[in-house]
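See the structures that follow.
Both complexes shown next keep subunit A, but they swap its partner, so subunit B is in the first and subunit C is in the second.
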Partner chain A sequence: MKAARLLLALALLNAAAPVRAQAPENAVKAAFLPRFARYVTWPTPPAAGAPFQLCVVGHDPFGPMLDRAASSELIDGHNVAVRRMNTADRAAGCQLAFVAGASPQDTTRLLLALRSQAILTITDARAGPQRGMIHFTIVAGRVRFFIDDAEAAGRGLSISSRLLALAAGVRARR
Partner chain B sequence: MRRLPKLPTRWINAPAAIILIVALLVLAGVGIILQNEAAYRDLQEQETRAQADILAAGLTAALDFRDAEAAQEAVDAVRVNRQVRALGVYNDGGALVARYGRDGAAPPGRYAEPFPAPGDVISAIVPVISRGERIGTVYLAADPEPLSRRFTRYFIIFSLVLMAALVVAVLGIAQNALRRANRELEERAEALVNANAELKVQVTERTKAEDQLRQAQKMQALGQLTGGIAHDFNNLLTVIQGSADMLRRAALDDAKRVRFAEAIVQAASRAAALTGQLLAFARRQPLRPEIIDVNELIGGMTDLLDRTLGERIEVRTIISTEACSVEADRAQLESALLNIAVNARDAMAEGGLLTIRTAIFDEPQARRMIALSVSDSGTGMDEDTLDRAFEPFFTTKATGKGTGLGLSQVYGFASQSGGDVRIDSTPGAGTTVTLLLPCNGGGGDGGAKREAESYGGIEQRRAGRILLVEDNEEVGEFAESLLGELGHKVFRTRSGEAALEAALDSVYDAVFTDVVMPGMSGLELAEHLAELRPNLPVILTTGYSDEIARSGAGGRPVILKPYRLETLAAAIDEVLRVDGK
Partner chain C sequence: MTNRRFAFLLLGSAAIAWPDARAAAQDASAPAPLPASVPALAPGGEDLSQLSIEELAQLPVRSASKREEPLSQAPTALYVITGDDIVNSAADSLPEALRLAPNLNVQQINGHEYAISARGFNSVETANKLLVLIDGRSIYSTLHSGVFWDLRTPMLEDIDQIEVISGPGGTLYGPNAVNGVINIATRDASETIGGLLRGTAGTFEQSAAARFGVALGGSGALRVYGNWFNFDDHQPAGIGPVGLRDRFHGWRAGFRSDFATERDHFTLQGDIFDNQVESLPNDGNRGQNVLGRWTRALSDNASFEVQAYYDNVDRRYLLSLDSLETVDLESQVNLHAGGHDLVLGGGLRTTRDQFINNLNAFALNPQSRRLWVYNGFIQDRFALTPTLSVIAGVKAEQTSFTGLQFLPNLRVAWHPTEQTLLWAAVSRAVRTPSRVDRQLEFRPLLTGGNFQSEKLVAFEAGYRGQPSRRTSLSVSIFYNRYDDIRTTEFQPGGGLPIQLMNGLEGHSYGVEAWSATQVTPWLRVNLGLSTLWKDFHFKPGHGDIALRDELGHDPDVQLFARAELNPIDRLRMSFSLRRIGALDDSAAEPEIGGYFEADANVNYRLTETLELYVAGNNLLHATHLESNDTSRVKLAERSVYVGARVRF
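Presenting the complex of A and B:
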């Protein structure tokens, strides 16, 4: 009885731990997302006065945290606007897109749909192994990311070397 | 000599200018070092800031994405710069993200305005800006350059300044030393001037003392001379007076009368010779130069010398055939020779050999001369005696034996004739006296001619009217009787003025006047007569006259007292004969 209670407590602890860790993790990721815009150059930057458009395609794990992070960001006089959508159809005009499908297959499908446009795609390892141009991961309890510079170059995007230097891994452009 | 004033030996302060220059140099050096230091510090600050800037630029992404590891890597890269002491990277919240500290130093744990930086470091605080937004801060503290390195850098400037200062100081010291030496020199010169003045005073005093001494010696010598002459003259006067007394006696045969008269004449002529010597020494004897063949003169004197020197002395003559004739006063030359010979005799009391030698004396610079030397084998002279040999009145003979005028006469005669006298003597080995006389260029005929003329004059004797001028009663009476004896008509006056009056009043054939008289002298009278009666011949007579010795007789005949009858007759006859022509 006593042992069962202890096991239950341990199980509860174990179950609670990822939830508690995930909340600041998502906050960090939400803070990171608009900032990527600082280190990326698009073939067609947003018009003067128009904001950078940060689109969340599919599932949104951040909620208002992302809105707060975006609203505090001002990049070369451009604000950052957050748009949420379930499909890739309305992605035109987006500069950045966090892609998280309901399933890995769904994610792959969404990424493919976005490939025709110059959009910096961002994925999260927690959502599945499918990788966009930037792929969040956790290394030693810290939020890190991989960068697929080759894919970005293919879309006409240029990622700053300073950002590349921070990446946990880079697929270099050819 | 006055002692020199003691000079200050301690270091005399360098002039203010040098101190000023040295001070300026040092100041300039310090200024340069300080300026350099400030500039270098500025530079270092700039460098530190630049390094912080570079770091900040590289840290934007790391801070953006809170990548402490990446930030630490960037910070670690700065380690290579050994001057960086502490380095801190703070995020936008002021928390320390990355750090570096050398030798225990560490950046402050948090960043907050105002941020205090330690004073002994060069620090830079640079914001990390990403896309216009401040996302963090970099704090970099660098050590200033170590003192030793700075010293090394400034050592060159320092040594240059030091050297310049040293050079200036050395120059200053040198100049100072020079100035001091100068002053010393001036003081010495002044001392010298003083010493010189003192010396002058001493010289003057000494000259005065010497003058006094000389005067005393002169008086002493004069006394000696006077004594000697008085002695000689008394002897002669004894003979004259005695003879004259004898002549007064009525009962005296003719032979005796002649002998006494002869004694008087001899004594008088010896007295005349004595006064002649005195005057010759005084070089106031008017010389009557004639051309003399010296060899002949010596030949003519050997008999006299033999007699004078006595039997114990052998006289030898060595005659040079080249010997030239000289123009000199015959009587004086004979007298000189005799004087030397007598001295030689006195030096050879035991008898000996006297050698008279003639030779041509040719010296490169001198004119051609004849050397007439007389050597004896007597006692010789020591150096002191030799030094004083020509000194008037100096004699080694006993009082009354010599006048001390012998060699003086020789010397006076030789120099008056343009020659010289030399004495070589060694004690115990005899003495050689050499008389140097200039050769006569013309030859030996002149004397003979003159003699012939005078002889011719005597034969043409005629009587005339003679104006006699003589202030001395005895001499005047004597002259009057002499002239009367010669057959002349004599008119006697006692002064020059009276004579001049008489000469204007009546006609005379000749004037015979004494030179030294009170009032108008004989020479003045002659001058006046030369103007008023140019054709009236004047014969002068004197025992000694300064005026004649000084300026001569103006071509007029001079008869020296004491004169003999023949001399007077010849002179009167001569002027009357010339006048009569």
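Presenting the complex of A and C:
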């Protein structure tokens, strides 16, 4: 009970100290996703007036948060449109794909099925260890990511140094 | 202390079923009950779309309180304890964390010993039908097929999730998955970058832990950790040993590294530990292990995995020394084509053990032995219709003590809607003989015999789904038919030597159910229930001088309720209440009545990096008894502690 009193005292003591409100983890990830398009160059960018296509392949943990985040992006005159699909065979036309299978094996399956296309693949450590070119993780309570620049280069994608600078780790292009 | 009492205690160390000197998954990868989704709240009024990408990367985040998972496809009675559940509970050790699973019965025996089982047979000596894995490493002892929980003291913050399957594990899990599987997975190293410090102190216990993780290039990460703990002496129970100390303290340290790309995932990890159990000077445990695993996707329809580990443990307890060295190699291939998910694989395990008894004449003959286990398995999951799948698998297993044994299982999974899974299964499982089963001697009274595998045919059915948007629910029923359960008998006709035989058969049945309801965005309520009825009898010509102790001592009903509250951003609380029924079939032992107990944890985030918490276990009574194990039991006690955790 002494302990409880101590905790209470500490809490009161600290009440004046600012603690920044925490954003929900998934909301921050959803905010990142359309934003990535600004920092990547595709071999064939979308046609004039056509939107970037941000695809969610497999399980969608974001829901309307992602649509809201995408709708506020305008990149060199292109909007960002969100498409959702269960399988990889309808991914033609996607520039970015957030990939989350029902199981780790399923995630790998989806990633490999996207390999033949110039799509920036994004995965989340929460869903499993399988990594796309960008792999979300949490570092000291913040959303960060690993970048596989070698894999991106192999598909003809170029990731800007500004994005690479934010990565927790980069697998460099050879 | 009388010699007889000491004999009991030694039996404790050997953990054998000799109570009186008078005489199994399917989609392991697919996690758990679907949590009701939490509506996204606007983060402190900040509009994320106005932030630069650098600002986004600096924004403190609040983790989703539960993982959002697609409805698990696994047609088994599967409960998942998440790492978040553990950190938000009062649990201060792995066995205490397992109390979160309603399909397990957890009995604290004393400061360092626990008996944990699913679907019955619980006691230290008879909880021998469970497979327990930590990151793919099997941790039940080949000495008696039980688990020495005092060898398992992981840093709880590292645990990603614990899958608890009640019922046979099916084809894909290793040996001994008869009544259940506990599959403990620690976090991938890429999820533990940065530092964490934790300290606790309380009426009964203290702990300190540190972890540090770094990224290794763009595809790898490494963490190292160290963990120290102390649990004080428990009070004598009256029915248990007098004057036996059980203070438990020690440390554990280790590392885990993971490297991953689109195609490959490589893991290398290891631990080292040393702890003391203060029954006699120098009593305690130490060990080391190292494990490597490589998973590679060969194409989008095929992958393989190979895993190898080495594990060594030494236990010193009451003048006996028990050591076990394990080398294990396993491999599997997954193929996916035309509606079929095919898994095939095999494994090879060899153990070298030694059991030295300086206390009395109980001994293993030979004192040291190498044992082998080989197995091969194949399983296919195929879709009959888009909503109906059949899983058929068979495992073949051979050990140094048995011929080739076949363990088939057949499961049906029906998804009438996205939110509903109905399943049914029939499976066969065996508990192969342990060293004690075959080679325990007390000459000339007791000699090793020809003990055969204990056998189970299990019939199960269940429902899992989301009956409403806010509630997830799982209900399963089982009917288990057992044969060749262990007995301790004189020779036919009544002469010596006494031997361990397979004289019991019978059945058990029960219901397991649990739900999680997101009542409001800040209140989640979890309820759980498990029941068990047992009916066993001797096979013709058999009896048991151990008075059917092998069947364990189980509650007929367990009820669980847990509320998780998050009323304001900084404050998280959990309160749990459990009602454990009276232990059954205590013919020769003191009666243990049913009891209510409660645990609580209140966690306050003082700054972005520092959280403080107060936690309490067994809050309703100063002391209570959870077991009637007269050779080991001490009182479970109320314990209150404060803790601080820093993440940077």
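Note that in this section the second predicted complex is superposed on the first by the 151 of 174 C-alpha atoms of A that agree within 3 Å, B and C clash if a C-alpha of one lies under 4 Å from a C-alpha of the other, contacts with A are read in each partner's own complex, and residues count from 1 in each chain.
Convention: contacts are C-beta pairs under 8 Å (C-beta built on N, C-alpha and C of every residue); 3 or more make two chains touch, one makes a residue touch a chain.
Here the structure is a predicted model, which means the values were calculated and not measured.
Steric overlap between subunit B and subunit C is present once the structures are superposed on subunit A.
Contacts of A:63 after superposition on the shared chain: subunit C is touched, whereas subunit B is not. Looking at the shared chain after the overlay, A:156 reaches neither subunit B nor subunit C.
Looking at the shared chain after the overlay, A:93 reaches neither subunit B nor subunit C. Which of subunit B and subunit C touches more residues of subunit A is settled by the count: it is C. Of the two partner chains placed by superposition, subunit B and subunit C are both touched by A:35.
Touch criterion met: A:75 reaches subunit B, while subunit C stays clear of it. Shared-chain residue A:138: touches subunit C; no touch with subunit B. In the superposition on chain A, the residues of subunit A contacted by subunit B and by subunit C overlap at 28, 32, 35, 38-39, 162-163, 166. Those residues of subunit B that touch subunit A in the shared complex are 58, 60-62, 64-67, 70, 130-133. Per the touch definition, subunit C reaches subunit A in the complex via residues 27, 29-30, 37, 40-41, 43-46, 48-49, 51, 53-54, 56-64, 67-70, 73, 188, 190-191, 193-195, 202, 215-221, 258, 260-263, 265, 297, 299-301, 303, 334, 336, 569-570, 602, 604-609, 612-614, 640-642, 647-648.
Residues of subunit A that touch subunit C in their complex: 3-4, 6-7, 10-11, 14, 17, 19-28, 30-32, 35, 38-39, 59, 61, 63-65, 68-69, 72-73, 88, 102-105, 108-113, 115, 121, 125-126, 128-132, 135, 137-144, 146-151, 162-163, 166-172. For subunit A in complex with subunit B, the residues that touch the partner chain are 28, 32, 35, 38-39, 74-76, 160, 162-163, 165-166.
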